[in-house]
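What follows is a single structure, and I will ask about it in a moment.
Chain lettering (A, B, C and D) follows the sequence in which the chains are written, and residue indices restart at 1 in each chain.
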Amino acid sequence: MDKLTTLAEAVASIPSGSHVALPGFPITRCAMAFAREVIRQGIKGLTLSQCVGAMDADMLVGGGAVVRLICGGGSLDKFGRLNCVNRGIEDGTLQAEEYSSLSVAFRYLAGSLGLPFMPIRSLQGSDLIRQIKERTGSDVADITDPFTGDNWLVLKPLLPDVSIQVVHTADAEGNAWIMGPRWDNVEQAKASKRTILIAEHVVSTEMIRQQAEKTVIPGLLVSHVVELPFSAHPTSCYREYDYDAKEIEKYVKATSTPESFKAYLDEYVYGVKDHWGYLEKVGGLKHLNTLKADPILGY
Amino acid sequence: MDFDYNPSELMAAAGAREIKDREVVAVGLGLPVVASFLAKQTHAPNMTMLFELGVIDPEPVHAGVGLADPRVWHRAKVLSSFVDILGSILHKGRVDVGFLGGLETDQYGNLNTTLVGDPRGKFRHMVGSGGANDIASSAKRTIIIMRHDARKLKKTISFVTSPGYVTGGDSRAKAGMSGGPSRVITDKAIFGFHPETKQMMVISIHPGNTIEDVVGTMGFAPVVPKKVPFTEPPEKEQLRIIREVIDPRKMYMG
Amino acid sequence: MDFDYNPSELMAAAGAREIKDREVVAVGLGLPVVASFLAKQTHAPNMTMLFELGVIDPEPVHAGVGLADPRVWHRAKVLSSFVDILGSILHKGRVDVGFLGGLETDQYGNLNTTLVGDPRGKFRHMVGSGGANDIASSAKRTIIIMRHDARKLKKTISFVTSPGYVTGGDSRAKAGMSGGPSRVITDKAIFGFHPETKQMMVISIHPGNTIEDVVGTMGFAPVVPKKVPFTEPPEKEQLRIIREVIDPRKMYMG
Amino acid sequence: MDKLTTLAEAVASIPSGSHVALPGFPITRCAMAFAREVIRQGIKGLTLSQCVGAMDADMLVGGGAVVRLICGGGSLDKFGRLNCVNRGIEDGTLQAEEYSSLSVAFRYLAGSLGLPFMPIRSLQGSDLIRQIKERTGSDVADITDPFTGDNWLVLKPLLPDVSIQVVHTADAEGNAWIMGPRWDNVEQAKASKRTILIAEHVVSTEMIRQQAEKTVIPGLLVSHVVELPFSAHPTSCYREYDYDAKEIEKYVKATSTPESFKAYLDEYVYGVKDHWGYLEKVGGLKHLNTLKADPILGY
């Protein structure tokens, strides 16, 4: 079943107010082209989730698309903090539900397996659990292990409306391969009602069948497949292209105040028609070619 | 080569010494990465290094800007997922050492990486937990590396992101966790924890410091044994590996 | 080509017709495999076929001796695991159709694949559940294919391996399950289930049989509506595909 | 850390009475060389577990090494039933704890993640759960979902002493790749205290690092690595060799009575010194070469 479409159409399938699971890990394989298109289309009121908050979440928050964020903290590694997210938390405009990496991963895992709840040893004895109980009340509970009588914290499954996955290779049905570590991506796709794939390369199903062990997202989970090179720019895509340090630094600087970030959005999001326009804006093929990954190093 | 060393180099060397060969080590950001690679390249060639996002035993040839940098994943033996690393290795109970940095710690080794006060008396939100809370909850022991400063070693920290011995005594066990912090390594001293009260306790002082330098710059009073030795300085070979192999561009040890 | 057909071919064709395009189908051993491949190669090209051990959408070019035969995995799109197929697709609730064979069934569509009586009055232990219990518990609906025989369609079966409507009425829902069997396809008839009592109910009779042939060879009395049509015979193209493409060596349709 | 050793030494590390997770699925990637060596060494009183009972379990039961079997049924596909297992169940000499494929897989998954218990929708309303409750009492329990108030069955984790894995490729540290479907193998290895790998090919760690996404069992779980070609014979190993239909038929016939199986063991297990002797017995390289898998078909 051919699910190939444009980024604009895929994004348009997401109603305001949806729960969207985002694929990025601080500055790698972030759904940046997706985030820019969501802001361009004016989608609002999103709940976002991901194990470790990344640049895709920060941009969406800064772009005014988000009311709620479920994650286990986050940063832009040495480039800086998640300025938009942190500002949202500090001024109270963003409802942040903070966990740890594993507790979000276990919530996705429970969602992916149709489990009603998931026990975990994390969070206990911390202010995280105190804050989660104060803020959400109903997403964690205490339970008695019927086998030992021990007390366990249990988490409610996460069931996003849609997961966005930035993958290396997919066929038109949505069978997808990811190179490098996969962090929470596979559990996100399986926990979500449906998945939108943004693939560097769309290949024939024949190619997928040659090494079907590599298929980490089966096509039956996927609603849309978008072929879009450099969709994670300025973050990296392992074995495809490196992060663009200058563009990330420009972003971090821009996010330091709401005013400067508005100017950034005007230039890089609203000021271009689409992803192709964005790529031209940041230097076009000549510049992007300098980010091309070495096949042995992968960056 | 210059055999003088800076405090970061001493902290990395001291951290490396805490790791035994064949141990499984979950590593956080920053100095813990340097200390772990140093151990692996010296006395602990058979240790296993884990990064939470799904990376086991990489052999980087370039320093990275953080765990999200593919430079840090280079030549890994396993590339998998959070559920694999933090679930089936850490939560399963197979991690011997969790190696963490922090913004603030209290006398029970509880760590804060979430909120810090700013000069206007407001809180700034920082990086939060990532896998640090999970590592602190499930590793058999944790080693903490952080700067020595009364604004960082505090009686009451702003937020407990990653539990140490909670409120001391057996409170950690009562919260359902075994393990706990074994060492806190700062740029002035190495601390352990009192076996009963679980209060931080001076183990050794770095050369060039006095006990007053150490205790006078803390926001709480650590247990001080009668005799406190000096910390062993980094070995030549450790310094060479840090400077030439692990961090030639001084990205970690700036 | 001979357009006569044998009962197995009719059962496979009738089974295939129960599958709609784009549905996700979990497939057990034997005739369900033939029926599923037949659907995929005729009216349901976009259906997804799942085999419990970790195989999605294979395109075999040779018939296999069972799910453990690599012939059946050939040209799959996904090669994964039980947890992937039975956990994240089936238990998650994404399987539209579970397609099962059985040794015995009762009037509520409960299936036995575990124990059968032998002529000496003892029980012989057979294959047990495999994924059949899981599929019967979590698929949105199940289709059962089995031989029509009073020793197989029984009032009380020896062992409930895979639940149907349990003891009828709302007993299945009370046991925590939605779904349930939608069809039982035998070599004499097709059955559905009464919407209230969940008793087996004749839907159609295969050409060449009378209602007495059907009811008289069952160990319980099914609901019989006033008008019972004949089952549509297999189409030419269905027969061609079964004989030439899916099972040229008659491994399934012997 | 080099963990390379002989099959005899790896098997000798397993005390009588251990719980062993077996890798086979009916007639593919079964630990047959392992089973023959266990019987040869006279190890007794084993508990075996696997999601679907396979030829490795049947041979170990027939060889008198087993007191208890935890599985979700099983067969030899069209070749026949698990005669030794079924006879053991029928005459009461084998304590069989029968589940479904997913319920055993979930017990391994719970064990692999350090979870105290695992909720499941399977087994309810069947005689399986009635029998499990009668026979083991303590391995299942009922629990109330604290989020919805619904009733759920929960399973106790499976924690085998050792898992045996027949893999395609491993390095000397035990980082392992499996081709084709992996059924319960990865969860078994992660749930078990340790794993013994029996690999068709031992390769340099350098090779593993080239495609580390393929590593499904990390070396840190592994205690012994044995390089042993055709270790699954007469069952198949995808992309390496096909099943040996004649030898499986011979086995099925032999298992029809205890007497004929004793004769089989005398010839194929006790009558040969080791795996190499067994391979000679069944026809040596000339015969094994006829089973060699076609690289495209995989069998």
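By our rule, a residue touches a chain if its C-beta (ideal position, glycine included) is under 8 Å from a C-beta of that chain, and two chains touch if they have at least 3 such contacts.
Fair warning: this is a prediction, and the values are worked out from it, not measured in the lab.
Listed here as common contacts of chain B and chain D: A. Mean C-alpha positions place chain A and chain C at a centre distance of 41 Å. Separation between the centroids of chain C and chain D, computed from CA atoms only, is 28 Å. Listed for chain C are residues 76, 79-80, 83, 87, 91, 138, each touching two or more other chains.
Residue positions 114-115, 121, 150, 152, 179-180, 213 of chain D each touch two or more of the other chains. Taken chain by chain, the contacts fit none of the simple shapes, being neither an open path, a ring, a star, nor a full set of pairwise contacts.
All chain pairs that touch, listed by label, are A-B, A-C, A-D, B-D, C-D. Considering their complex, residues 29, 51-55, 61-62, 64-71, 73-74, 76, 79-83, 86-87, 90-91, 110, 113-114, 122-134, 137-138, 159-163, 166, 171-172, 175-177, 251 of chain C touch chain D.
If you check the complex, the residues on chain D that touch chain C are 25-28, 51-54, 71-75, 77-79, 81, 85-86, 89-90, 98-103, 105-106, 109, 120-128, 150-153, 179-187, 236, 238, 242-243, 293, 297-299. If you check the complex, the residues on chain C that touch chain A are 22, 24, 46, 48, 56, 59, 75-80, 83, 87-89, 91-94, 138.
Remark: chain D residues 114-119, 121, 138, 141-143, 145-148, 150, 152, 154, 156, 178-180, 213-214 touch chain A in the complex. Across the complex, chain B is touched by residues 1, 112-115, 171, 173, 175, 190, 205, 208-209, 212-213, 215, 218-221 of chain D.
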